[in-house]
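Here is the structure we will look at, set down as structure tokens.
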Amino acid sequence: MSLVELRQVVKRYGTHTVLDQVDLSVEPGEIVAIIGRSGSGKSTMLRCINGLERVQAGEVVVDGVAVHQPGADLRSLRARVGFVFQSYNLFPHLTAEKNITLGPRIVQGVDPARATELARQALRRVGLEEKLQSYADELSGGQQQRVAIARCLAMSPKIMLFDEITSALDPELVGEVLKVLEDMARDGMTMLVVTHEMNFARRVADRVVFMHQGKVWEQGPAEQIFAEPRTDALRQFLSSVLH
Amino acid sequence: MAYRFQFRDVFAESQALLDGLWVTLQLSAVTIGLGFLVGLAAAACIVYGGRGLKAAALTYVEVIRNTPLIVQLFLIFFGLPSLGLRLDVMTASLLALTINLGAYTAEIIRAGLQNIPRSQIEAGLSIGLSRVQVFRHVEMLPALKAVYPSLASQFVLMTLATSVVSQVSAEDLFHAASIIQSRTFRDFEVYTVVAVLYLALSLVMRGGFAAVYRLAFRRR
Amino acid sequence: MIREIGAIDVFYMALAMRWTLVLTLLALAGGSVIGLAVATAGASSRGWLRFGARLYVGAVQGIPLLALLFVFFFGLSVVGFSLPPLVAATVAYSVYAGAFLGEIWRGALIAVPRTQWEAGASIGLSFAEQLRHVIIPQAVRLATPPSVGFLVQLIKNTSLAAVIGFVELTREGQLTSAATFQPFWVYTIVAALYFSLCFPLTRLSRRLERTLRVAR
């Protein structure tokens, strides 16, 4: 059964329809890249999956949980669904260790010693073990983003959602973050990546979803989407980003 | 036995209240005008002045901002005569209020000037403007626009603070209140009415400043 | 009978400073309680709570402190309480401090970026947990420099309590000035004593402003 299932999802802001009857399903272990222009609904769709946005119609079922229903238990779901933001959103008043152990301790009831060990392992995975006691303002953008990823990993998620995580980074810092994603992909993590990094998408993703005007306009295997776009919208989009 | 609030006695003295209000208005207006100029000068000394000027201005600002207004007023009105300088009530009040407002204004304007990014100044210089021209065309208006809300707020606060001059018997609105109180013995009612009058005054002033802001800093 | 001003006067004035501090601390305590209520009401999602908070803050900030003092001093004695100046002053200054602190703290609460709430939510924290672990620690850091700055205001403003007869530093100065006929020296000493209290706090507030660790 799919890990993520979106059925006819509609999301509106006032009179503006951001998601227009979106269907999407993601199997365990899949790497899905989501591309499209700004305003096409990519980030909004991602945010609907972990309940940061409410939908007006349709169904959002993640790991068996009906997210779209008012009484849904999002708290335990969010421990299983990691979300990494464009602006990292580390807690500036806490060290990297405390940032990472907050979730396991408070939400998952892990004891502090074990939580610190989890934090260390998570930081090791992203290559920043020595930054355990650093604060956000002592880290570069790329390092902050990797700590943000570690923060999610420490809770042992089933699926990771990435919302344009390299868009706010200086170009030379993008590589170190994408490398972490590639490692995670190799380890078999289920990943949804909203991104502008086309080379990354082509290389790493199993499937690419192209969003346009609030709909899933076209989707398919990465090679096919980039080499043989079937719709005009995708063709225009690709020519504007791949010059 | 229940106390019956008698506001009518207070309203009967409305002429005295209006006279006091008029004095408060005049005092506030002159204080704001002069205090702004003093503050502007002091801020300029701090931001652009040489070492001596800057130190003098900073000392002025810090001393005034870290001592109470009423003490400054007493020092000027009661203290100066023993040095040979005897001032009448209104002059002493104006002097104390202006010196006080000048220090707070200086601090606000200084912060506004220092918050203009260096890159703006460099851009002005690199198109050939002189330092003075850069100040006039690149720094002054953005700084004023940025600090306008704080300045307006400070001016309103100062208008309320002018009530302190009643303590040296200047005949402002608050002084009128104490006169009426001694005549009618309606302590609570008098001061409540006066408080409401000050509140109305502060609201009108805030509205006025906001309107001026919209007019002066409109996008052209 | 006029007497010479001497070290003993300085001593008594310094001693009177402790009443300045007592009033300040009492007002801080009362004002913090009120301020907390005003801040949370002002930042709440319920419209009527926000309106109430705004009304309170707007009213208190729109009248002179002297008027507030007198209204409470005379008003409270009218409804049957014959109050010593300290009590009346404490109530008035608490109301005053509550409005200003409430406004500062409300500003701090809403200044924590929305994205911090989202980050907390996305790792599964409940609303209360987000408040406790993510939002309030940052709001406290944001609120500290202006709160210390207000503390300086409060100390200076206790000088007005002299007017209702409360014997703190300024009133002691008035009495000494009347006894020695040396208003210039007396009030200079009074000013210096206030300065010694306020200036270090002003410096502290500035230093705190520089070393904040919050999201922007």
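A, B and C are the chain letters, set down in written order, and residue numbers restart from 1 in every chain.
Quick note on the criterion: a contact is a pair of C-beta atoms (placed from the backbone, for glycine too) under 8 Å apart; a residue touches a chain by one contact, two chains touch by 3 or more.
Worth saying up front: this structure is predicted, and the values here are computed from it rather than measured.
Of all chains present, which has the mean Cα position farthest from that of chain A?
B
Closest chain to the overall C-alpha centroid, by per-chain C-alpha centroid: which is it?
When every chain is reduced to its C-alpha mean, the one closest to the whole-protein mean is C.
Distance between chain A and chain B based on Cα centroids, please, to the nearest Å.
Computed from C-alpha means, the inter-chain centre distance equals 54 Å.
Please report how many Å separate the Cα centroid of chain B from that of chain C, as a whole number.
One centre to the other, that is 20 Å.
Averaged over CA atoms, how far is the centre of chain A from the centre of chain C? Could you give it in whole Å?
47
So which stretches of chain A touch two or more other chains?
Expected reply: no residues.
Write out the stretch or stretches of chain B touching chain C in their complex.
3, 62-63, 65-72, 74-75, 78-83, 160-161, 163-164, 166-167, 174, 177, 187-188, 191-192, 194-196, 198-199, 202-203
Could you pull out which chain C residues touch chain B in their complex?
That would be residues 59, 61-68, 70-71, 74-75, 78-80, 152, 156-157, 159-160, 162-163, 170, 173-174, 177, 181-188, 190-191, 194-195, 198-199, 202 of chain C.
Where on chain A is chain C touching in the complex?
Against chain C, the touching part of chain A is residues 50, 52, 74-79, 83, 85, 87, 89-93, 102-103, 106-107, 135, 137, 151-152, 155.
Mind listing the chain C positions that touch chain A in their complex?
Contacts found on chain C: 115-116, 118-126, 129, 133-134, 137-138, 141, 213-215.
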